[in-house]
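What follows is a set of structures for review.
What follows is chain A paired twice: with chain B in the first complex and chain C in the second.
And then the complex of A and B:
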């Protein structure tokens, strides 16, 4: 077949489905070259598709490299558990068939000694020590301390290792090693949901004095919802003015909306600190005016109020701009018609104008809500302890505690929550109704 | 015309300079040095970097990433492209990095300079400060300071117990949003001797006791996260007391004339120093030899109130470079300041930080 050639050579014989009798009307339409029109059309479409694909391929590659791969990497890290199975491979093999009821015997300890010796030689015990310490405090020094002295340890290893560190003589140490010996783990997800494995292997809640994350997930969600609502309430009239004022005024207003948008996030956040703190501008003014007493200054910073105010201000443009772009397309004649048909102002607004702005409200709300869930700089600076978000813990575990598995698990849960909310939103409002402009 | 001539002149000068520096240092190079930024980096810049650049012709690039240095080292090592040549970090992080093989083990006596009287480094550095991969530079301290204007002149706080005494010394307190230091201070304020703090803290009752003591001031505490916050909060009189690194408070006292006073009682001190990322030892060897010698460490104390980690540097500590005040009494290691000092137990915190931090956070959220 000569399919690869752009124009089939008549000498080589025509393709199977091509008409043999040139110009025979019953054989269908052909192009000037004698190629059937259908085929030529298909080829042209394929070529233009290919061209389009080539044009978007840089973007596609960017998306894959910058979004898809990191997300899968994150999901992978949240269950990846190589430390015990690779670094303590001999111990794990020796532990097979252990009943979990009593301290293991000499062969397991001998295997542990061999693993520690090797790990000490090639400096691979650090990650193992951290990993085990997440499950049981004290394991870091148990592993590192034993490894430092392993060169001088003589059999019998059981007595010698327990002598170096009591942790080796505790049942739950060995239960942790056995449980975490699989190359995948759910421990990070459990930790991210304030749960853990009990010594017998059941999933239980951590004690109340250790519970942190579940509350933060809820707080992040409800505070983001409040912030979305306040931006909507504040942004709606502004967007309405923007869309309906004469051009001269609306341009000025637009600049006022965009100016803070172009200002650095940190500057806007710290400005709010200067204004709202208890010795700040607002409190000073209120005291000077006699509205509040000097010793009863309002606490508006380093708490939830601070976070909500600062984030509402920062995210406001993301609500106003989609609303504005939708309102701009609503012809004023609709409202005139409603009025001339006898509708009172509020009724005409509610029945005519408001429903037409729903796509803008939906777009602004989902934009602000998803941005709010992911914010962490502003809550970290103005939120104090009561106003921080779950994202601050992702940053903490990425940068400070270096528990990347836990950071990945928290981030993955957040991703699942956002996807779930998006699907609910799609069901209720319909993503196809969303308009950004 | 003028511009292009100017450009040509500058270019020529630059070529000349680099040729000169090539002639001086046999192999002038660029060193990427990671440190803490702010006043601390400035003290290193003045005391070691500038003299070294002049001497060797090397170019030093300062990177202010020590706050997350361990994460950075891990990420660079996993990516197989370590760009940092020398990193300033805390001994606890150095222990972890060392165990993970991210940094070089150091033979201190072979690599570092002897003291002027010939004492080898292993004896000259403060006792117990040398660790397998760690080269100490300074002793710094976590202290609580207060604003003297917020209390009557005849009734000023002086002990860590006063920080927990809301009746006699009312006002907000700014404390670091971490269990480290706070749990130690809570126990000392509750009557535990500084030497026994970590023994008590190793028991469940001890932890409960510390949290119970913190409970008594909890609603008066503002929790800070960045080192720059406490002096600011104290200067704004947002708080009466603030915990901080002693160098920051010194800067506010001396350079900005703030009416602050440091409570040295129960200061929690530790070291800070250099670590060398794996494979970089040859590159930074000469710089390290120079930057950690007796004179350089003593010079650093002209710019910041952190004590030199070498015993031989201590007698050479002189006056503050800008204001000329004597630095000795501002050092954490000055004997009257040092009487009730607690050496931070890095082994304890390496084991318990994860768990106690989560417990502390849960306690904060209650």
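And then the complex of A and C:
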């Protein structure tokens, strides 16, 4: 069988039999070389399925290695907790029967001394010290200080180690070690939500002066909502104009929408810095026009306003394009009909046109919102202190504090939010419908 | 969108108010890109118009920031890196993406929706998350701080654009043209080169352009993955804006605006050519 075409041999069936007709006696049909048609068709379909899969598989394999695995690795890292269980393995074993009510006895301290000696020898204590320090401040110096002097420590270890650092004589030190001895932890997620374990193991809020992330999550969501709203308000009239002009004119104006879309993000951010800063173009113009005094220049940069203006500009095309493609499908005769039936212009618009554009508004809004909550560059450059997003803290923990577990936990929470929004978007619009310019 | 003859005076006024509103929004969209162009010719190291510039005094203008750019080894090196990374990532993404799009547009593709979602996901996942994830993973397999690592990361980011544009082109591809070519006596090779390729090329090229511009403009991933040797243009701009802000940035920005105008024109021409070949557009 060289051809996969599922046509029956005319000689085998009546000529007027439709090949796949419901009433046709298809069991009796065969191809030219005598294979039953059903089987031949199934084989042909299977072959083209296989061919399609083969074509997609190189890309799939590439993406799994270069994208999916890194994402899962990050999710894994947000709960991964190897430091205590590997570096303090003897101590953890010795602590197994501990009741958690009083300072442990000599065997546990002896195990700790052995672990510290080994850790000092293979230099693996740095990670442990930072890890314990996230849970209880002062633990870094307790671990590192004790390790430096461990070579000269003689039994009994309990007295000697408490003598080196008081932390070993505190109950919550041991509670932390016991709690973090499991290979997985939720501590990073708790920290990302401004919570922590109390010494007794309950989840409590951190003190008010240390609460950062929940507020920042809310601010990110709130500012993204504001940006979505401003893009909607500015994008709607433009989309309406483009959809209702003759094609020749609208194509020309469309370029004005697409040009910013195609221009480098950094360029657009830079221009807003040039325009909005206190010695910038807009303030200079206002001073020259006498609208504001020279010493009362508007502060529009390095705060929320700067972030909102710049991001509205950057994301506006993402609102206009889906709105436009929906409005383009609304026949103008609908509005004419509404008018001819006696509707006033505003009423006709509100009752007829506007409801038809809701899918476009929903698609554009979710798209802009998803893009906004994940923005890093623009808030980092123009946001100052009050205009930064949660993404800036991911970067901070990745690059400056080097608390990668916490960075992974914040990123994972953000990822869950984005995936949830994306599923709504997909339900409403469908990825296949995404158009690029 | 003319005002209909039966419009009342109120409607006419509203119509013109609406047009003015739209003009203002267009100004908001385009104005900032226009403003920086004259600013980049500033003779003084300021980000604003000097009195000399406002009086159109030639002494107020100069090319010193462009000279600065072209005589700086940092910037030139960054451009070189951007092109190395951008072109390699574009080729990889275009080849992988086009082949996959051929499979995806087959009617018999199993699990099409799920696979499409996966292929598009690098576009949806916030860049900072991809960057963090790739940084963790690439450090483990010794790809961090290498050209290969940056190129692979940018390939991932470019793939959704290639897949979307090429599948869109293929979905409107009329397969009866292939049969027509066969029936007119062309063999499969000739059909592919004379019929299929000319119709599909515009989609592939615009996908490739999208992938290139994505890489060329990408900061976050490079910031995390690249070492000092792989500094690209956007990174150079980023640190320029953060640290020593000088109008050289504006000169670069102006050149990039011109580049995007060129790209946009190319895309528009491709789109027209495509429509003309399909006989859709009246021109």
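Basically, the second predicted complex is superposed on the first by the 352 of 437 C-alpha atoms of A that agree within 3 Å, B and C clash if a C-alpha of one lies under 4 Å from a C-alpha of the other, contacts with A are read in each partner's own complex, and residues count from 1 in each chain.
As a working rule, a contact is a pair of C-beta atoms (placed from the backbone, for glycine too) under 8 Å apart; a residue touches a chain by one contact, two chains touch by 3 or more.
Just so it is clear, the model here is predicted, and its values are computed rather than measured.
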Classify the contacts of A:277 with the two partner chains as first (chain B alone), second (chain C alone), both, or neither.
-> both
Which partner does A:370 reach: the first (chain B), the second (chain C), both, or neither?
-> second
In the superposed arrangement, does A:384 touch chain B (first), chain C (second), both or neither?
-> first
Which partner does A:345 reach: the first (chain B), the second (chain C), both, or neither?
-> second
Between chain B (first) and chain C (second), which, if any, makes contact with A:394: first, second, both or neither?
-> second
With the two complexes superposed on chain A, say which partner A:134 touches: chain B (first), chain C (second), both, or neither.
-> first
Touch check for A:56: first (chain B), second (chain C), both, or neither?
-> second
Decide which partner touches more residues of chain A, taking chain B and chain C as the two options.
-> C
After lining up the shared chain so the two structures overlap, which partner does A:77 touch, if you call chain B first and chain C second: first, second, both or neither?
-> second
Chain B and chain C contact sites that coincide on chain A, given as residue numbers = 277, 279, 398-399
What part of chain A is in contact with chain C in the complex they form?
-> 45, 48-49, 51-56, 58-60, 62-63, 66-71, 73-74, 77, 234, 237-238, 241, 244-245, 253, 255-260, 262-275, 277, 279-281, 284, 313, 316-317, 345, 370, 373-377, 381, 391, 394-395, 398-399, 404, 407-408, 411, 414-415, 418, 422, 426, 431-432, 434-437
Residues of chain B that touch chain A when the two form their complex = 67-68, 70-71, 74, 95-102, 177, 222-223, 225, 236-238, 347, 350-355, 357-359, 361-365
Residue ranges of chain A touching chain B (in the complex, touch as defined) = 122-127, 129-130, 133-134, 137-141, 144, 208-212, 215-216, 277-279, 302, 380, 384-386, 398-403
Under the touch definition given earlier, write down the residues of chain C that touch chain A in their complex.
-> 1, 11, 14, 18-19, 21-22, 25-26, 28-30, 32-33, 35-36, 39, 46-49, 96-97, 99-100, 102-104, 106-110, 115-122, 124-130, 132-138, 140, 152-153, 155-156, 159, 161, 163-165, 167-168, 206, 210, 213, 216-217, 219-220, 223-224, 234, 237-238, 241-242, 245, 249-250, 252-253, 256-257, 260-261, 263-264, 267-268
